[in-house]
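What follows is a set of structures for review.
Each of the two complexes below includes chain A, the first together with chain B, the second together with chain C.
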Partner chain A sequence: MSRTDLDDLTLEATASSPAVEARAAQGLLRIRGEAYPENAFAFFSPVLAWTEAFLAKGPAPLRVELELTYLNTSSIKSMMDLMDLLQEAFDGGRDVGLAWFYDPENDRALDLAEEFREDLTLPFDIVPRAAEGLP
Partner chain B sequence: MNAVPLERDTFQDPEALSLKARLEALRETPAFRSHPLMEELEALARAHFRLLRRMAKITRISDGFQIQLKELNESLQVASRTDPLTGIPNRRAMLEHLEAELARSMRNGTPLSILMADVDRFKQINDSFGHEAGDRVLQALAQALGDSLRGYDFCARWGGEEFLVLLPDTDRAGALEVAEKLVQIAGGLELSAAGASVPVGLSVGAAQLGPGEALDALLQRADEAMYRAKARGGSQVAG
Partner chain C sequence: MNDLHDIRRTLASNGILMCFNGPFRHGLIEELGRAVRRHLECEAVSKPALADVFTVFIEAAQNVANYANRPCWDEPTRARVQNGILVIGRQDDRYVIRCGNLIHPEDGQALLARLDELATLDRAALKARFKAQVHAAPTGDGAGLGLIRMARTASGPLAYAVVPFDGDLHFFSLTVTL
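== the complex of A and B ==
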């Protein structure tokens, strides 16, 4: 089975959930926006499932771009689950990388990004949004 | 088999440390070293430590987001009470102060006065010198009025070219005195646009709160006084 057999995943942003774009052909997962869905587990399940499926399919690299301005507690847990998946793949020799975009105007945003990065050893770039905004 | 690893060296939870020490001691005991459950126990301990660590991390990050929300909320509170052009309190902030000061005045029987100050011929300033010049007039006035008032007076941008000044513990005579000063200060402002001097004048209506008077009535009297000052040519006080 080739990589392209994995369906792309597209979720539009809502008032309480971020936009999600998962592109198998490009090896790209992008999550942008605010995340305080009523049921974060249900919201992020397909995202985690997609990531697992992508990593299981073949050796292609995966780049994950996160630009999250607010996360409720259960969404934080889901993001950590996602990062655990990536870390595990990285530990297994996979080419995976993560970029966390933050608003440099917000004094606390950088600290929060660094908190997420703590304990992880995979490539985890923390990028000020002004310097390299997402398209 | 390796020692039961804590998720991180700096992990300082005393219960976790004590549990780790007990497990390590048990493993060194001959009776337990090769016990079939030992491996499972160590796996369980690792999972437990990992969860503890994870919970601490989630809690820290979650607290961070909550502080961020709280700070955002505070800055919105300030923004919702501030006039963006002049940086002084806006009508909403003034209304809150008015209500509080009116209640205080009635409770304590102390006098209270207000000044309604309106920029003279503001439309002409905008038309002749441009809106940017008009904005600068408002900014300069806001600054000058604020500087000249006492610490417990309260000045806000009330409307387009209107400022409202709240003077606690001040009777009509005192209010007229302050009003005169404001008219002088406004007249003394030196602003220029496109090489020409911009004439700044202020008409001020003063009103002292009457016994049992409602806020609307007080505001209306100050407004009427201000229009009388304007009708007499502006750059003066009525009340």
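== the complex of A and C ==
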């Protein structure tokens, strides 16, 4: 099975869960919005499964873009699981990178991003971007 | 029952801006969360302060909802433990979030032990504990992380108590001052 056989994943944002766009052909995973779903594990399971499948299918680079205005603790756990997958791939020589967008007026969001980054060595950009159009 | 006006006066004299008393279900937490945000935005609260209130609000409310969702309850007990109270107030220029709900006495004791232990940790130790537990928690289980996060968000120690309510259940209350 070739890499392009991996289905894209699209989830619409709700009040408490982010929009997800996973594009196999572009090697792009984008998660954007609020993250305090009732069951973060259930919500993020397909995202983690997609990422694992993408990384298993071939050598193509993967770029992950996160723009999360709020994460509850269960979602933080799920993001940590996602980053562990990416770090493992990076350690194995894969071209993977992460960009974390945050609202520059909210330094709590910056603190959280930096806390994630300090345990990782993969390319991890923390980028200020004013939140707009989020639910 | 007190006159509604008395209840309102009691809330106001305690500096309470918002109060919810009832069943904590996910859909309702979303709605309340939106209301909390909108209220604070109207008050022109800074974004970090708003983020702190929202963080504690969500963790506290989801703790009650998750506790009620445990499979161990019979339905009448579930309905009782799902009923919580959450208030957001101002005291001495600080936001204070207080929440309370009924819990099983054994869970109450475990919770007190956990909170007593967290109270001994400084900020660096709380951060280390949070990170260790994020890694150690089985995927899908955020149990205990919410308390650590609230302790990290607070400006001072958490205040908490467990008091007997009736023969079966105790009442747990938590106060987080930002």
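What we mean here is this: the second predicted complex is superposed on the first by the 129 of 135 C-alpha atoms of A that agree within 3 Å, B and C clash if a C-alpha of one lies under 4 Å from a C-alpha of the other, contacts with A are read in each partner's own complex, and residues count from 1 in each chain.
Simple rule for what comes next: contacts are C-beta pairs under 8 Å (C-beta built on N, C-alpha and C of every residue); 3 or more make two chains touch, one makes a residue touch a chain.
On a predicted model such as this, the values are computed, not experimentally measured, just so you know.
With the C-alpha superposition on chain A as described, chain C and chain B clash in the combined arrangement.
Once chain A of one complex is fitted onto chain A of the other, the partner contacts of A:S16 are limited to chain C, with no touch recorded for chain B. Of the two partner chains, chain C is the only one that A:A40 touches; chain B does not reach it.
When the two complexes are overlaid on their common chain A, residue A:D91 makes contact with neither chain B nor chain C.
Legend: residue contacts after superposition of the two complexes on their common chain; A:D5 is shown touching neither chain B nor chain C. Once chain A of one complex is fitted onto chain A of the other, the partner contacts of A:E114 are absent, as it touches neither chain B nor chain C. Judged by the number of chain A residues each one touches, C leads among chain B and chain C. Contact with chain C, but none with chain B, is seen for A:E105 once the two complexes are overlaid on the shared chain. The superposed model shows chain C running into chain B at a single listed stretch; among 1-9, 19-27, 127-135 or 163-171 it is 127-135.
For the contact definition in use here, the residues of chain A common to its chain B contact set and its chain C contact set are 70, 72-73, 76-77, 80, 106, 108-109, 115, 119.
By the touch criterion given at the top, residues 70-73, 76-77, 80, 106, 108-109, 111-112, 115-116, 118-119 of chain A touch chain B in their complex. Contact residues of chain C toward chain A in the complex are 26, 29-30, 33-34, 46-48, 51-52, 54-55, 58-59, 62, 65, 127, 131, 134-135, 137, 139-142, 145-146, 149. Taken in their complex, chain B has these residues touching chain A: 7-8, 53-54, 57-58, 60-62, 64-65, 67-69, 71. Of all the residues in chain A, the ones that touch chain C in their complex are 15-16, 36, 38-42, 70, 72-74, 76-78, 80-81, 103, 105-109, 115, 119.
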